[in-house]
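The chains carry the letters A, B, C and D, assigned in the order they are written, with residues numbered from 1 in each.
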Amino acid sequence: MIKVGIVGGTGYTGVELLRLLARHPQVSLTAITSRKEAGMPVAEMFPNLRGHVDLAFCDPQQAGLENCDVVFFATPNGIAMQQARELLTAGVRVIDLAADFRIKDLAVWQKWYGMEHACPELVAEAIYGLPEVNREQIKSARLVANPGCYPTAVQLGFLPLLEAGLIDPQHLIADAKSGVSGAGRKAEVHALFPEAADNFKAYGASGHRHLPEISQGLSQFSGESVGLTFVPHLTPLIRGIHATLYARVVKDIDLQSVFESRYADEPFVDVLPAGSHPETRSVRGANTCRIAWHRPQGGDVVVILSVIDNLVKGASGQAVQNMNIMFGLPETMGLELIGLLP
Amino acid sequence: MIKVGIVGGTGYTGVELLRLLARHPQVSLTAITSRKEAGMPVAEMFPNLRGHVDLAFCDPQQAGLENCDVVFFATPNGIAMQQARELLTAGVRVIDLAADFRIKDLAVWQKWYGMEHACPELVAEAIYGLPEVNREQIKSARLVANPGCYPTAVQLGFLPLLEAGLIDPQHLIADAKSGVSGAGRKAEVHALFPEAADNFKAYGASGHRHLPEISQGLSQFSGESVGLTFVPHLTPLIRGIHATLYARVVKDIDLQSVFESRYADEPFVDVLPAGSHPETRSVRGANTCRIAWHRPQGGDVVVILSVIDNLVKGASGQAVQNMNIMFGLPETMGLELIGLLP
Amino acid sequence: MIKVGIVGGTGYTGVELLRLLARHPQVSLTAITSRKEAGMPVAEMFPNLRGHVDLAFCDPQQAGLENCDVVFFATPNGIAMQQARELLTAGVRVIDLAADFRIKDLAVWQKWYGMEHACPELVAEAIYGLPEVNREQIKSARLVANPGCYPTAVQLGFLPLLEAGLIDPQHLIADAKSGVSGAGRKAEVHALFPEAADNFKAYGASGHRHLPEISQGLSQFSGESVGLTFVPHLTPLIRGIHATLYARVVKDIDLQSVFESRYADEPFVDVLPAGSHPETRSVRGANTCRIAWHRPQGGDVVVILSVIDNLVKGASGQAVQNMNIMFGLPETMGLELIGLLP
Amino acid sequence: MIKVGIVGGTGYTGVELLRLLARHPQVSLTAITSRKEAGMPVAEMFPNLRGHVDLAFCDPQQAGLENCDVVFFATPNGIAMQQARELLTAGVRVIDLAADFRIKDLAVWQKWYGMEHACPELVAEAIYGLPEVNREQIKSARLVANPGCYPTAVQLGFLPLLEAGLIDPQHLIADAKSGVSGAGRKAEVHALFPEAADNFKAYGASGHRHLPEISQGLSQFSGESVGLTFVPHLTPLIRGIHATLYARVVKDIDLQSVFESRYADEPFVDVLPAGSHPETRSVRGANTCRIAWHRPQGGDVVVILSVIDNLVKGASGQAVQNMNIMFGLPETMGLELIGLLP
């Protein structure tokens, strides 16, 4: 059994980790920390966990995280970078669900996240935890930077075409829509039900933190620095991301077979039949990314549609997938979830 | 492995049966019928099942249902009663998710359902599939009448107090609220998103088909014919029923211990701590009924709050629970689901 | 033109007052205060008001409220009671949308609201602004206590039957459901979209602040102290309250004519035909209360269904209605709004 | 007073026309037809209209439409073209909210709408009712083709930049999101609440009927045939369209002043301050189009955000605006509506 600790379990990625890990056959949940809620049974805050998780939140100092095999950070940005070094030194492997270790260029990171990085040397070591790209490196990683939700949906959508050099990397557009849980479980007016229900809006159109993370990945796939316009939107979903991607096709080959062969062995990427439109609800609660593509009017524009559950494949599910890879378990263990539809 | 057939798989209880049975370790899905959609892969209609269910809908005549160990009817009212006799004769056990066999008094049934009953003799034999009441009889039942969604939530809420004679059975009130999936996957204007979203209304306040089913159960618990007012409401949930129950307390003992001891051994009824308010989302996708009670201002009125997912404990999950009981499997097999929150 | 000031305009009752008053032909909006947002144009916070309201929030000290004809308090509980005396002395009439002046019994108020009352002498003078009951007194009132949202829906539902002595006042039940805007525009976790969407729950079942307000009103209608059980619920609506009321009928006369004649001259209470089920969306954005009643199975229980928009007839619309009465304007002026359906 | 008839009043554009026209000071509602619902009071189907609209649906033959000054067709595609000629001959002016007269190229129309056109000669005469473009011609039009909802949002967004030759017309992208009421009040499974709630998907990505309508308009603005990729999406809103538009900037001038000066005199187009993100709810129930633009990272891509209420500026409100223009009334009469927020 793998001894697992979770730092910062009171947010949505925390409760989702618990939902997944509580039923994972090879995991022993050891500690879940929250300075503020120390002592409160987890299932009191998240009643869906009643009967499944007996732990109480504990103070980080008393958590004994150094005795875990792996620690997940389900914390705001800027926390993991302060605690990772000590855990790694103690032989604990670390998966950070926040953004601390995702961007290799420290200057870029510091610009977008507005703080100095606390342990630059680990940024270089950290493996970006997108298994469809970095599976081999994840196996032996001590420190995994779990991708962001938008970056997962967008990268998986563009990946096959960029790798194969089939689209113009200089004029990529990612029009992405996210459910409100993507904003976290923070008390903020803009995320209140009466503000976010029956409402649709773009935000961060002039610049969003996930832009450099996506660009870094796409540039790697493409082999050259890409030109990307990324516009995120807030839509009245609890969970779900839908990325609509636009690119110019530069080589005219059968795109369906490109997608299908690239993802043939991927357990969590599902390429739909040609002409399909994936729905976010088909992956609600599941660790799946569903993808389809279109070439409207047979022109040179390809439209790629990519959906994930932002809390599963876009966060906690992908983190568990990374854990499975790191510990040599079957990659799908504990993640054979069927989307909740309706 | 139990060979399972499903008649009428294109509705919400059908897709929910598939979600549960596809991951059930002792079930072999043999056939799922739909006259109208014969030939279409199930996962084409319900894309959440892609990769989990390979079956296509088949014509009932070609389904070979007589070779199944058990057949679920996820059909409109009035279908199972026409086909059950033949299946039972062939040695197949039957679980009907519709209302054909729920009401023992044929005249009452015919009045509320507006049709003549096709096999009255089976009504007498059928076991009402509320495991918390009829577990022993379900074990050997050939034919199980799976309870309705409202009746499950209301009966489990009143059960401990009526059995113990603690409330006045002549003045019971059940104010129940249901998500829209309770109306089924039928193309009807009143259930359209623009009609049902951001809207709340009562319906059937003067009389609803679930009234006689609930009354029959409550009268059995009480030992006398009860007086019940039942008002259902439609609320903008996809899934979920919340029953708010009102009764007059006639004997002053600790109600918390009454609830807790009645349900101590029930795997799917969760009595919350005193003073709690169960949320429907805590059971979203789970086979759990969560219950709490209040005595406002310490008066003689008890308020019982009971929540279920109408498609799981209120339909398909309870049907699988009944199957487990009928076939001697652990009752929780395939049903250890954690509610999807958020 | 009536010079109008609003204290505390950053909440939902504030923006709703502005929506109504901006189009009111006899109102000149003079000042809207917010200490925190002083200087920000109102239409920047509430973009629906762009082109309709040019005011900016101003500091209460600079607002010149003493020069207004009437001041609305759209503030949290406990603010109006600190400022009302001074305004009244300056000859300004006051309408408080909060609870400071609603309850005549100071001890009861102080118990439920957890603070000492700052000007008890005004409590006695204040008129409870339910026009259907107190229209005459409102005309000359200096200080109007605008009713709460639940109290409006519940009182208007019970009023005709209690006044006529047709129901047992000792066993009244009010099962009420509210949209999330009823909780105000405060950053609180429980009101976040991912918490409140696709979820239904009761709250305050053991006691809610609106209980004494409702009881006070019902007791007045009945002529005796009533026995009331009141259970509020949160439902995923932006706006809307649905009250389902239960009572025992003690005199057998035609209830439809009782409702219709009681409300024959009321512009904002609409009695539906017998057997109807009012929908909250039919009053979305409108100052209307729609009511219907049922006697299930012809028994002695009457079920009354009463719907309002909590921000209009349950708050700001009723406040404007009171203003119209106080200033001798046609009661419907500025309020002839049609519900937004769908 | 203008005598107004409505053909086909049982859909969402019909009830919205009634909501607007019932309060229009210069309109006398004369007839509203529905073959199927003839005899039913309109307010019985749409209870928000109780007390505001006394008409009943009447059979088209008995409606006396030939005595109206103007008739609105709120019908499915293909109806108006069969009845318009007769009404025009009788001297009645016609506003068609469907697509029968929107597209000048008959072959294109017939391809996308799958039927032969019943009166090609009127297609040439019909004026496309986008007042911001065709105001002068609308004044004297006998027959107005009211624009589609997507086409309104997309055209108003691109208009200033295409007219001024500031963007490359060959590579335009319109990623548009619509609320479910855009699908009409038809009983279809995909629009049921449990299908459309908490779900997001694209549809018609390979080709949608609004594409040729939009292209026709954009080509007119641009003076050359445009290259447009248009992808519509369904989002869980009751009302609202959000168009996110992408184009390549070819001339570097201050875009804000271009937008502001183009729409300076337009009562129903509101250009937001630079850097804004318009929200659909800010126009809920209002006849306003709100627009903002961004140039992410100062690059050569311009992102334009355009929101409307699909039932108001995207359908019935724009139709009333056209009527006002046709009859020499103030263009804003009856349309000075403030968005319902929250």
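In the analysis below, a residue touches a chain if its C-beta (ideal position, glycine included) is under 8 Å from a C-beta of that chain, and two chains touch if they have at least 3 such contacts.
Remember, predicted model here, so these are calculated numbers, not experimental data.
**Student:** According to the touch definition, list the chains common to the neighbour sets of subunit A and subunit B.
**Tutor:** In this structure, the chains that contact subunit B and also subunit A are C, D.
**Student:** Does the subunit B and subunit D pair touch with the same residues on each side or with different residues, judged by whether over half of the numbers are shared?
**Tutor:** Same: when the shared numbers are divided by all numbers used, the fraction is over half.
**Student:** Which pair, C-D or B-C, has more C-beta contacts?
**Tutor:** The greater number of contacts lies at B-C.
**Student:** For subunit B and subunit C, let me know how many angstrom lie between their CA-based centres, rounded off.
**Tutor:** Inter-chain centre distance comes to 39 Å.
**Student:** Compute the distance, rounded to whole Å, between the mean C-alpha positions of subunit B and subunit D.
**Tutor:** Their C-alpha centroids are separated by 45 Å.
**Student:** In whole angstrom, what separates the CA-based centres of subunit C and subunit D?
**Tutor:** Averaging C-alpha atoms per chain gives centres 36 Å apart.
**Student:** Which residue numbers or ranges of subunit B touch two or more of the other chains?
**Tutor:** Subunit B, residues with two or more chain partners: 12, 179, 181, 185, 194-195, 197-198, 236, 238-239, 278-279, 281, 284, 342.
**Student:** How about subunit C: which of its residues touch subunit B in the complex?
**Tutor:** 173, 175, 177, 179, 194-195, 198-203, 205-207, 211, 227, 229-231, 233, 235-240, 242, 244, 246, 275, 277-281, 284, 294-297, 299, 301, 303, 305, 307, 342
**Student:** Per the contact definition, I'd like the list of subunit D residues that touch subunit B in the complex.
**Tutor:** Residue list for subunit D touching subunit B: 12, 179-181, 185-189, 191-198, 236, 238-239.
**Student:** Applying the document's contact rule, which stretches of subunit D touch subunit C when the two form their complex?
**Tutor:** These residues of subunit D touch subunit C: 12, 15, 19, 22-23, 46-52, 181, 185, 197-198, 238-239, 270, 272, 278-279, 281-286, 288, 290, 311, 336, 338-342.
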